[in-house]
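Written out below as structure tokens is the structure these notes cover.
A, B, C and D label the chains in the order they appear, each numbered from 1.
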Amino acid sequence: MKAAIVGATGYGGIELIRILHNHPKIEGIKVFSSSQEGKTMAESYPHVTDIVELTLGEIQPERLNEHDVVFLSTPPGVSAEWTEHLSSKTKIIDLSGDLRLNHPETYTAWYQRESAPEALLQKAVYGLTEWHKEEIKSAQILSNPGCYPTAALLGAIPVAQKNAIETSELIIDAKTGTTGAGRSPSAMTHFSEMNDNFKVYKVNEHKHTPEIEQELENWTNKKAPVTFTPHLVPMTRGIMATMYAPLQSGWNKNDIEELYYKAYKDHPFVRIREDHTFPFTKEVYGTNYCDIGFTVDERTGRLTIVSVIDNLMKGASGQAIQNMNVMFGYPEKTGLDFIPIYP
Amino acid sequence: MKAAIVGATGYGGIELIRILHNHPKIEGIKVFSSSQEGKTMAESYPHVTDIVELTLGEIQPERLNEHDVVFLSTPPGVSAEWTEHLSSKTKIIDLSGDLRLNHPETYTAWYQRESAPEALLQKAVYGLTEWHKEEIKSAQILSNPGCYPTAALLGAIPVAQKNAIETSELIIDAKTGTTGAGRSPSAMTHFSEMNDNFKVYKVNEHKHTPEIEQELENWTNKKAPVTFTPHLVPMTRGIMATMYAPLQSGWNKNDIEELYYKAYKDHPFVRIREDHTFPFTKEVYGTNYCDIGFTVDERTGRLTIVSVIDNLMKGASGQAIQNMNVMFGYPEKTGLDFIPIYP
Amino acid sequence: MKAAIVGATGYGGIELIRILHNHPKIEGIKVFSSSQEGKTMAESYPHVTDIVELTLGEIQPERLNEHDVVFLSTPPGVSAEWTEHLSSKTKIIDLSGDLRLNHPETYTAWYQRESAPEALLQKAVYGLTEWHKEEIKSAQILSNPGCYPTAALLGAIPVAQKNAIETSELIIDAKTGTTGAGRSPSAMTHFSEMNDNFKVYKVNEHKHTPEIEQELENWTNKKAPVTFTPHLVPMTRGIMATMYAPLQSGWNKNDIEELYYKAYKDHPFVRIREDHTFPFTKEVYGTNYCDIGFTVDERTGRLTIVSVIDNLMKGASGQAIQNMNVMFGYPEKTGLDFIPIYP
Amino acid sequence: MKAAIVGATGYGGIELIRILHNHPKIEGIKVFSSSQEGKTMAESYPHVTDIVELTLGEIQPERLNEHDVVFLSTPPGVSAEWTEHLSSKTKIIDLSGDLRLNHPETYTAWYQRESAPEALLQKAVYGLTEWHKEEIKSAQILSNPGCYPTAALLGAIPVAQKNAIETSELIIDAKTGTTGAGRSPSAMTHFSEMNDNFKVYKVNEHKHTPEIEQELENWTNKKAPVTFTPHLVPMTRGIMATMYAPLQSGWNKNDIEELYYKAYKDHPFVRIREDHTFPFTKEVYGTNYCDIGFTVDERTGRLTIVSVIDNLMKGASGQAIQNMNVMFGYPEKTGLDFIPIYP
């Protein structure tokens, strides 16, 4: 099987290469870039010297169409355009946010740019693997979820779907490592200003908010805004979403535990911690796992959910390959069966 | 003026020394320790070599009573005992949690040890300076607030007091640097397991919870449990409390802004950021400032408040000295007028 | 093939498990501990929950002898004792320092404890894979090198062996991440005192000094003391050894480059950077690579060599498994063919 | 006394402001910038909100000449030009590298740009305070030393000057926090690529090399190249220079100790550690101290010197103000008498 990676010099791209390099079903990888054509991967990333012997090629439809699967790890706006040029025989996995929202006007409102055509949005399957596995199996165009939505949704859907909580009351306080901000240097992620510092940003304004809301609506049939606050942690990888909502009447701690175990019993990448035991971000470092802990506070009647992922893995490239496995009929864990690097 | 520091080898103690050393009203400092008597401060902390020429003495009531003020920076249980031995002519500032709660049974429930005598609890003045200044002026025994409560309360009281939010709906998602856990090495704060990691702990069980609730009740006359979740950030100093509550009807963004400006206009250590501008922890590093940002989300009707402090300064030793200044009639900023170290 | 890991709860042990878990020749792993018998690995390391279903057993010779290979990842003194109890049909890979030095008196002088019997020291093969491959093939007892010696020796042997430098003039300035100090919490590696800090320790006194000297003597036939200074970097993994020595007359930059390429052309885990290009520690993160850069300063006539490894991989568990591969006749990269995790 | 800061938005500039703000001899500060005129300091640095009420002005000779002292914290080439426009009644302290080297050709060779006029180079006094105090007293133009040279020279001059070591044999392995690289974001100092990483750069090519050599020549009357290797540590502030040289015959450990104590007995900012006790970078954090440790290795006959400073303080702005104090006849510690922030 042949795979192409467009936008291979970003963190999503190099992480795809790290995994696909050892994926037993992949025979050939080609890498493409709009800005660094002609350079080798090792020039951009010295850590792959002598391991990855790939040169970045110019992006052209005919070249991409030679592949069984094309990963688009590109900035906003690019994948919407390229997806239309590609053959329907090639499966496309889009890691950008371009195709995640169903409604063009929502996209425009939050991304502040023109949306992909509505038909394309409708065609793209949302790749939160654990919750859309059947549609993913037959998807030609897959829209890979955002990092924050993956952490938040895997923790929230099981209880929202069963009405153990009201979506409108959900508060998501999320914390990410800096790789979520990409490879371009910025004042925000300059080491001298990020080290020994903790930051909050885009309060109530982050693009991942409507993605979370859309997917919660999908599983609850209720449209409701959520509160979502992202923070930046002085660490490289990892997301923790700490979520809060009043537990609806009639539910107790044991019911919640059962909900989680049932929801994920057939899903190898979601690990449920025992009641009142919580995961740390490093416990999924470098892997596709999502670890979830929760507790019910008898004093306030609130449910607290803690969900952690590696933002570059389950939050991006790992889930993309998990989706590829499903799309091509391979076991879900193929090529992704790592133990977290710890410490 | 003469000051004694009991428990001078902890982080709270060494931070007191850092500030008192240059405090214009302090003529002499003595340091005491129950475990390191006879050692010099420089043996315990080489960074004060040639600057602080103090030897740790044995703790004895008569020696402490020679001072105008005694700071107790001691583990749970110690200050409750010592406070009773000291002369009423000596002012006591207790940085431990022993005297913060008014009701012995609450203390016992959360600290899981016997409380100080109720009379002592009643006598101790709670030292959240900006909100108890008048009582602090005449206090003989001052109970210095916890680090988390300081960050949370300075952000929440102005809106809770005026019923712009309901305390029972308040969610406090707090993040601290590791110095909050003290100087004793532990698995939790072992560098190899804390670096590049983000942790959550004591969910719904942290001792600072009843302290926050008690003080909110004090300003609202309503008893209500709050949700409080502490997290550990891979950084040395700093606390950010991100707080959420539905805005009560009749209130808008401008009202809230006015509430904050009014509440703190005469308080030099609280800085209010413009609407929708948020502080980062490093922006108060090494100082006694508390910076507060906030915003109202029109979509959800919720108020989000972000409050940051340096946990060893406004969250401990800085506020202790601010209180000392008030207790002895000095201007509040005496000895505390630093610019944050940045970056 | 069956593997036993003794001392499985240390960082060396958990790293062995991470690799062996996916090693294609390993069918069964058993784990042993002297202090945590009866506990599961997941209790000690939550990140292996649902992945590694192993319970720590009591250390007993008969149980260890059921395995083809036994890894000893134990504190000083333990492996010297256990090695003697084990059957000669079981191959032993000792990750402790007990069997690295040939002379008991040198061990005693530097480790300040009694040495293993001299016969055992003589029998143990020193496992710097690239330089002892032939002996390793037939070794029954393998002594795995220290982390610092691995980084230093892989960089220094090629030029010392050919007399391009004099060993007696070699200065090794080495920097390590904190995992080199193990899992036991200490003041030195307490997060609050290690973060945003850079430390030097055991100047001229580190136990790895005689190991480096012994191996250099082995390849040069000259006994000479070296200068070795270890430092602690606020990072989790990684070692950089920056080495200095005057280039002997008759040698130039191109000669040196040729020496390195020749020395390692058949060794897949050593990567030589182009002249005057230097590796960073993170470029080998999580892998068994050793990356080496060098340059000659025309002004001073000195050669500077920079060698980096992941201290838990090529500096410990990775090299141990590389050695296992050689001992059992498998290709050297079996189970170790990872791309570094970056960033 | 009135002070002007040109280039106030860099890290050197904001650190000058932090200290001068509380300096008892400074009555007024004005700030200037070539790129951010009209902005307030608080817009550039929110941490000075409500504390520093200064607006960045346009750089003009007549405006600068109104000040008693002008600090030039500017990029290469700027101060060389401005210095010539300023009145001789205004004292100038240049924090850039423009005026540090005495010979234009050396400057051009290492900085790869045209030098300031030779007359200006001759006029500027090199501000390594402890070693040039007399000349500094009467200096009109002061060239403030580089960060690395300050750490290296304070450690090396005492022994080089007395011929206890040969300068030509000196090896300086230096490590810095990232603020040494300034405020402009770059790939090198992007948090995601610097965190949990240790880097070496500009091996044998750093601009501070000739500065170190020139000053050593000044005190030894011997011209000799030194080996200097800078490294980047994942921390914000701090430099450690670990230095190596063979001890010349006739010298022993006690002699060296005496040399250091004598050299610095009247210099309050240099602290000598007891033999074989070494400082860590954080032990001088936020202060103007330089802490020095050393040891002699009997086995190799080499002297190892470890010198640490805060690169933004003794390595830049702190030393600049120390020099200002000397130039204006104030006690050296005026405004600089801080205890390090620890931890």
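To be clear about the criterion, a residue touches a chain if its C-beta (ideal position, glycine included) is under 8 Å from a C-beta of that chain, and two chains touch if they have at least 3 such contacts.
These figures come from a predicted structure and were not determined experimentally.
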{"item": "Between A-D and A-C, the pair joined by more C-beta contacts", "value": "A-C"}
{"item": "Taking each chain's C-alpha mean as its centre, the one farthest from chain A", "value": "D"}
{"item": "Approximate Å spacing (C-alpha centroids) for the pair chain A, chain B", "value": "38"}
{"item": "Centroid distance [mean C-alpha coordinates] between chain C and chain A, Å", "value": "36"}
{"item": "Averaged-CA centre spacing for the pair chain D and chain A, given as whole angstrom", "value": "46"}
{"item": "Touching two or more other chains - residue numbers and ranges from chain C", "value": "11, 177, 179, 192-193, 195-196, 234-237, 280, 282, 285, 343"}
{"item": "Contact graph of the chains (line, ring, star, complete, other)", "value": "complete"}
{"item": "Residues of chain A defined as touching chain C within the complex", "value": "11, 14, 17-18, 21-22, 45-52, 179, 195-196, 236-237, 268, 271, 273, 277, 279-280, 282-286, 291, 337-343"}
{"item": "Sites on chain D touched by chain C in the complex", "value": "168, 171, 173, 175, 177, 192-193, 195-201, 203-204, 225-227, 229, 231, 233-238, 240, 242, 244, 276, 278, 280-282, 285, 293, 295, 297, 299-300, 302, 304, 306, 343"}
{"item": "In the complex with chain C, residue positions of chain B that touch it", "value": "11, 177-179, 181, 183, 185-187, 189-196, 234-236"}
